[in-house]
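Comments concern the structure below.
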Amino acid sequence: MAIPDALPFINLRWDDLLFIILSVVLVGSGLLVVTLRDIIRCGLAMMVCFAALAGLYALVGAPLVAAAQVLVYIGAISVLVLFAIMLTQTKAAPARLVFQTQALPAAIAAAVLGLLIALTVGATNWNAVAAPIRTGTAILARVLFDQFVLPFEIVSVLLLAAVIGGIFLAKREEDGPA
Amino acid sequence: MPYDTLIPLIAILPLAGFAFTALFGRRLQARYGRAAASAVPMAMVGIAWVAAMIVAAGALGGSAPFGEHGHGITFWEWIPAGQFSVSTGFFVDALTACLLIVVTTIGLLVHIYSLGYMSHDGGYWRFFAYLNLFMFSMLLLVLADNFLVVFVAWELVGLSSYLLIGFWFPRRSAALASKKAFIVNRVGDVGFILGIMLIWTSLHTLNIQAVLAGLGKIDPSTISWIALLVLCGAVGKSAQFPLHVWLPDAMEGPTPVSALIHAATMVNAGVYLVARTSPIFARAPEIMVVVAALGTFTAILAASIAFTQTDIKRVLAYSTLSQLGYMFAALGVGAWTAAIFHLMAHGFFKGLLFLDSGSVIHAVHDEQDMRKMGGLSKKIPITYWTMLIGSVAISGIPPLAGFFSKDEILGEAFKNGFLWVWAIGFLVAGMTAFYMFRLIGLTFWGESRVDPAVEPEIHESGRAMTIPLILLAIPTIFIGLFLGLPFGASRLQGWLEPVFGPAVALAGRIDQPFALAGIDGGLILASVSIAALGIVLAWRFFGVDLGPLRSKARLSAVSAIVGANGATRFLYRASLNKWWFDDLYDLLFIRIGGRVANSLWWFDRNVVDGAVNGTGRVVGSAGGGLRRIQTGRVQNYALGIALGLIVMAAAYLVIAGSR
Amino acid sequence: MSWADLATIAPLAAAILVAGLVIVTDIVLPGRRVPALIVSFVGLAVVAGLVIAVGAHPATAFAGAYRVDDLTTYLDLLFVAVIALTLMFAPDYLAARDLPLPEFAAVLIFALSGVLLISASGDLLILFLGLELMVLPGYLLAGFAKRDALSTEGAIKYFLLGSFSSAIFLFGLAFVWGLTGTTRIDGVATALRAIVAGSTPLTPGLAMGLAFLTTGVAFKIAAVPFHYWTPDAYQGSPTPVTGYLSVVPKVGAFALILRLFVGALGPLSADWDIIIVLLAAATMTLGNLVALTQDSVKRMLAYSSIAHTGYMLIGLAAWSSPNSRIEGLEGLLYYGAAYAAMNLGAFAVIAALQRRTGISSQLESFAGLGRREPFLAILMTLFLLSLTGIPPTAGFFAKAYIILAAVQAGGPAGILAVIAVLNAAAAAFYYLRVVVYMFMREPRGEPAPIFLGRLMRLGLIVAAVLTMVLGLVPGLLLPIVGNAARALTL
Amino acid sequence: MNIADLPLISLITFVPLVGAVVIAFLPRNQPGAIRVTALVFALVSFGLSLLLLVGFNPTNPNFQYQEVHDWIPVFGIQYKVGIDGLSALLVVLTTTLSWISILASFRPIKERLKEYMISFLILEVGLIGVFVALDLFLFYIFWEVVLVPMYLVIGIWGGSNRIYATIKFVLYTLVGSLLMLVAILATAFSFQGATGSWVGAFDFVTLRGFAATSGFAGNLQVFAFLAFFLAFAIKVPMFPFHTWLPDAHVEAPTAGSVMLAAILLKLGAYGFIRFALPIFPAAARTFGPLIIVLSLIAIIYGAIVALVQPDWKKLIAYSSVTHMGFVTLGIFIFQEQGLQGAILQMINHGLITGGLFLLVGVMYERTHDRTIAKFGGLASRAPVYSAAFGFFVFASVGLPGLSGFVGEFLVLLGSFAYNPWVAAIATSCMILAAGYLLYMFQRIFTGELSDFLRGLGNHLTDISPIEMLTVVPLAALIVVFGLFPGLLLHMVQGTVTTVLTELNGVSAIRVFFWQ
Amino acid sequence: MSHSLDAYLILAGILFSIGTFGFLARRNAISMLMSIELMLNAVNLTIIAFGAFIPTLKVQGSVIALIVLAVAAAEATVGLSIVIAIYRNRKTPLVDEYDTMRD
């Protein structure tokens, strides 16, 4: 089966097309995350956003990270966030103002920041190669448990600390005022 | 006893008396009575007098170790400041001797007089302590061989004067007068001390004899400056215009003080200083003119004020000013011997007059206003007669002391070409005679205007007071004859020749032979006549009650003359208000000065300190402003961070781009 | 991973183990405070011992990702001491508020492992993880008094902004990593040296990365204008935590700066030093000015700790001048120790005052302390004088050292010296105002008596002795600090 | 054991500290024991300081009784103390006034006696330390140590506005002294840069030698001198940095005012002579004329402002401004007599103003008021007191024969040699001094007894023997030094010669358009 | 485009600034938390992109991204626990109402 390298008519390569689609989804869902009124929908948009990211990771040749993204973000963090939303929603909350009074300055600042990043990126010679290099899972594993074994262990400590503290903070007091 | 022991004793004894009385006088007086409190100071002054007389005799006689040019003793190096060194020491020559005689004699008599005069005062012991302090200071002044030590004494004299003028300090006027005296004196002292500094920077010594010997080494303009600055000091202490204002007020002190300090001794310090430094002035002829001008102006100014004063002591105070003016005039015309002559004569007769006035005041129960006296001649005869002698002496009637000394001044002025000095001095002689007899007339002659309640209690003072009067009357009569004769080459001239010789030579004064039948006779005649004229006029207006001579006072005539026209009214007011000098100084230094001081203080609080506090406030309010960026809202903070990040990125990009 | 690697990371491992043990102790003996404390203190002693033992032989592990040198040893000991002191100050305060000690100790010791990691990191990733391991427990500790509205408010502010800045920091790290091609610190330095040596201008990407990194660390050390979280987090936190927060994350972040800016980005110092100078000037000035206006002593000390950040930054600015490489770092490190002693002490006194709940840290509550509680008042005075920089206290010598370095550096840093002393003079006002209240004002009403626990008292005495000793005989610490500084610069 | 073997200076310096520690352990409810302990330790220090004079050799130009111990060897910082004539005198002045102040505090201080005495003894430690330190770093430490006890003394035992006054005092002083710290460090570094070694970088003797041989760079001198100048000028205090002084004086308790006036103000002048001139001679020459102008302003301005002060202590405070103006004038004319006069004036001002403040305190104890307008006629109710006060007033006026005169005269003489007009302006202060002091004396002591005083009834007693005991030593010294100033001048001749030798042959630095 | 590092980096930059905007503008604590997650993901994207396009960073990129992922998880844990704790106290998730401490 020979799929042409590039799309007909617009002379767009498949992976480029995929990139564009994923980018649009990413940016679009990202914007939804920060603009939607209903916070639950924000959470859902965030999951979409993370999914698009996972796609991009796969596209650029990091399938393991893509998998991890799906597992950790969509599977864990987003769910966590949704639980938290459930726990902290009062009925009145969504009706109230979503944005700060400083939303406009915030937008401008964010835009300037984005512009700055884009401009610097464009103006910088990164010594990059022309095509993405795939990272094999095997080599990844070897590197992770050899070269990066210390960070790996530490991350586990970090998670342990976070969990211990988190449980303490989040748990309901038996005798306290709830 | 060798002189080297005797000379220091003259000064140290009164100091010891002061220290003793200051420390123990109060307890002695409380426990053993007044006599006990005054015994030590009296004894000290008495012994000092004896010592002074022996020393003076030695010095005037030219015996060893004094010789012609005096004898010095050095004690210890006072200020050893590297190159600068001052030693304390005494120096006695004929000039010192003359002053020693005046100071210790009058001092002793005033001490005796005070035994009576102050006998009812609670601060008796204190008074004697102060008097002793004054004696020490004054003796130190005349004995010192060094300008800086002279200055020390100069200020100590000022201190004692301050203490004595303010002796009755609960009286506000006394306190004010003492303060005024000290401060006005200090004005002069500033000049003096600057002069001392100039002397040292020019000659690197402050020993008086060494300085006088080394004058040739410095240039004339410096000498002029030195002379001018030294003169400042003299003007202050001798109360010459424009620093004359303190002396009349100083009459707030007890009368013995006025006699001793403000007539006979301290005020002579300026004359003494100028005489002592005569070679300096002789080398600065233009400053001599200044001296003469100040002297004559003060003489006539004070005499004109004395015309109308009603306070008996004030009349005498202005008279003192006027006589000091004579002395300065003499110093200015180069008649140094005459100045010292007048100084001594004036010391005795003015001391007498003041003590007399004290006796009068005592008699009329502390009344000083002559308008409330009159007709006292019978009730207090010793006082009356001695005061009359003093008045005659000051008026310049021969053969009393004032005649000789004043006439010598006028004569020298005339002969040395200072005709204006002579003319004014001549006029002042008449004025002096007039106001002195006005005083006599108002006080002793005519009808009594004394408060009827006091009238019956008027009586002559006790012996402690009258004996000094009599003792002082003797030199008042005879000292002129003793010192002033023979005319031309008098005894005093002989004594002081070694002291003033160099200056006279430098100044190039004419040393004409005395001619009784010539010019000198004429001058004598003229001055005696004008004195007589003054006396007669005074008799005419203020009455006379002198044995066979009797006439009523014509006070209405006085008012008529005063009120005759605008000019006379002005002159009267001017005289009465002392030519408004006190008002002028009050305006300048108290009101305007006070305003300046207050505004400077305002400046200090609001501008200088305001800047300090303002800095604090600015910093504080900056903090207050800055704390408001801490709104408490996380998003604001985050925005701040984001903006910071953008700025930082921009900064780094700029930095990177500029490499 | 080899045995040698394990030996080298022994202190870190021990710290983590201790944290775990504390939790286990709590599970075995629930609700008991003393065992947890004993385990903690013994564990800390073991950690300290290991630090010394390992530090005797500088080594690297994990192929350079983890390096132990004299700087590591110095910082580690300092951090262990601070954690120990915090554990001395906290129990009374926590007990009074019915807060559990074991969790507190465990989280605290987790944070310790974070800073141990920072001080020993030879790798950017380790650095980042150390940072996270340091700050995450910090967020938790800030909100430790979870029923207290202020505590949780402080915690969420701290957390949100902290995460924001972590993201920024990480972004910067990514850029630097991308441009230098390595995460190893010495590798980064080598790569940058090559870049600087070339005549090409600094790439915008690198500049951008630098900006993100600077912002990130400036936030962590609470430099103006990234300081906003500090007053709120400090004020809200339980007071012993505030003491901890004002020292460990700050000095830890400075350790990170030393590893990152000096160790890795050192070749670019010509680019970042002026930024540091500006940050330092703004930081001390704003910190002091706003502290002037505070009525709450706790919040005032929060602002003052911002000002102290500024002073410490001077050391960094001085480092970037070749005249004063060593002195700048020495000053910074010395300051860290002095600051730790005096600031912990000062907060501990407030904590002691607040032993009973409901006592505010308003100036008013210090009124008459000199009469009521002379021991506390005198110690507080000592700490405040040291914070002011009055000799012969630690704060003075530290400030003098920093200023010496700045003077040596000359140029903009020299001007910083002058700004610093003017600031110090202004700061005297608010520090001494507390003294005024303690000794020169009388309390309103009848304030309740204060009970000092033995541990608290001991801790205060230790802090005070350190404050004095570091000022009187700075020579004790100077060689150590000198070695630490040289370890970094050579 | 030989006296020379004892670390005499350290003993003198730290004996009061031992006293402070001892007092800290005394029970609060035994005020008598606390008082006596404080006095005893101050007296021990005083006695030891007299030993210092006994063994002092004025002909030896070097610092004597030196003690040197390494302190922070990395920077060559040492514990190095020693004295020359100048510091010896100031040390003895300090120890003298310390025990007098403590004695004078026996009755007035009833509250928090323990803390008070501790503060005072620590204050003494700091003050002595400043005068004996020969290491710049050590000097700075003692310099700052002085600040804290004084801050507490004013702030705790002071008057109604004490907190404002004490904070102003501390902040003002700190601004100057911290800049001085920068300058000290810069100087040390500059030395290190020139010699390549930290050894001696903080050692005064070494720095002085370096300044005399190679000399510090011009811009360093200018900066460092200005920083030193600010610190010292604030302490002196020179116009326009003087405004903390009236506030501090008015609010401080009696003994605090005494120490403030008598010793603390000397720190600045001492700093000028000891450090600023020898180490930065060229810069000193550069700014000399400016400082002379400021001194003249201080002399005249302080006197004029003193004229209209309504508060007893404030008046004396402003008189301090003018008196210290003489000191700075004497220093900065760089002339032998001027410098000697300045040093004399420092000692004399300590004795005289110290005495004045003690006496004001005596009356404040009885009246609890210092408003001059409320007084009047005191001399008739308290004659001994008035006499004592009068004595000190005239000493302050500069009456010859008392010590104040010699110092003032030498300063004036020196300034006359420098420039007659300078001398003329300064001398005119003699009139003003007489003016404000006698005006004060007149208002308080003469006239009728005021209603306010009459209202006090029997509380208005004359001075008590203990109070008399506090001022008699000062009065005696004033007389002795007035008659035999050589006692002091011989002591400081070496210092003066050394300082001036170092200044000679150095020319001013050009700073912008100046010089 | 998909073969260009710049494209990925710019995309990451956009995502980062979207996150920034959300963080600055949203009132809800959880929204802010989500915004932070967006920003962290932007960083991760950057890291992955570098790893993919720069040969020397080849394997590292993925590893680092994984670790960052874990860190993000830890942060989220802590954050959410704090949010829950404060919600118990304040009964509102709106962060801008937590302004008891200010000035």
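All chains are identified by letter, namely A, B, C, D and E, in their written order; residue positions are counted from 1 within each chain.
Convention: a contact is a pair of C-beta atoms (placed from the backbone, for glycine too) under 8 Å apart; a residue touches a chain by one contact, two chains touch by 3 or more.
From a predicted model like this one, the values you see are computed outputs, not experimental measurements.
Novice: Could you pull out the chain whose C-alpha mean position is farthest off from that of chain D?
Specialist: Chain centre farthest from chain D's centre: A.
Novice: What is the chain whose Cα centroid lies farthest from the Cα centroid of chain C?
Specialist: Between chain C and the rest, the longest centre separation is with B.
Novice: Counting only C-beta pairs in contact, which chains form the busiest pair?
Specialist: By number of C-beta pairs in contact, the leading chain pair is A-E.
Novice: Could you tell me which chain's Cα centre is nearest to the average position of every protein Cα atom shown?
Specialist: Minimum centroid-to-centroid distance belongs to D.
Novice: Just the number, please: Cα centre separation of chain A and chain C in whole Å.
Specialist: Those two chain centres are 32 Å apart.
Novice: Based only on mean CA positions, could you tell me how far chain C sits from chain E in angstrom?
Specialist: A distance of 26 Å separates the two centres.
Novice: Could you state the distance in Å from the CA-based centre of chain B to that of chain D?
Specialist: Here chain B and chain D have centroids separated by 38 Å.
Novice: Going through chain B residue by residue, note those that touch at least 2 other chains and give them in order.
Specialist: Residues 616, 627, 630, 632-636, 638-639, 642-643, 645, 649, 653 of chain B touch two or more partner chains.
Novice: Going by the contact rule already set, what residues in chain C reach two or more other chains?
Specialist: Correct list: 125, 129, 132, 136, 139-140, 143, 146-147, 156-157, 160, 164, 168, 178, 181, 203-204, 206-208, 231-232, 293, 426, 429.
Novice: For chain D, write out the residues touching at least two other chains, lowest number first.
Specialist: Residues 171 of chain D touch two or more partner chains.
Novice: Any two chains that touch count here, so list every such pair.
Specialist: A-B, A-C, A-E, B-C, B-D, B-E, C-D, C-E
Novice: Under the stated contact criterion, what part of chain B meets chain C in this complex?
Specialist: For chain B paired with chain C, touching residues are 616, 619-620, 622-624, 626-627, 629-630, 632, 634, 636-638, 640-641, 643-645, 648-649, 651-653, 655-657, 659.
Novice: Can you name the residues of chain A that touch chain E in the complex?
Specialist: 13, 15-16, 18-20, 23, 26-27, 30-31, 33-34, 39, 42-43, 46, 49-50, 53, 56-57, 59-62, 64-65, 68-69, 72-73, 76-77, 80-81, 83-85, 87-90, 93, 96-100, 102-103, 105-107, 109-111, 113-114, 117-118, 121-122, 126-133, 135, 139-140, 143-144, 147-148, 151-152, 155, 158-159, 161-163, 165-170, 172, 178
Novice: Under the stated contact criterion, what part of chain E meets chain C in this complex?
Specialist: Its residues touching chain C are 16, 19, 23, 29, 32-33, 36, 39-40, 42-43, 46-47, 50, 54, 56-57, 60, 64, 67-68, 71, 74-75, 78-79, 81-83, 85-86, 88-90, 95, 98, 100-103.
Novice: Tell me, which parts of chain A touch chain B in their complex?
Specialist: 100, 102, 105-106, 109-110, 112-113, 116, 120
Novice: Along chain C, where are the residues that touch chain D in the complex?
Specialist: Answer in residue numbers: 370-371, 385, 388-392, 396, 400, 403-404, 407-408, 417-418, 421-422, 424-426, 428-429, 432-433, 435-436, 439-440, 473-475, 478-479, 482.
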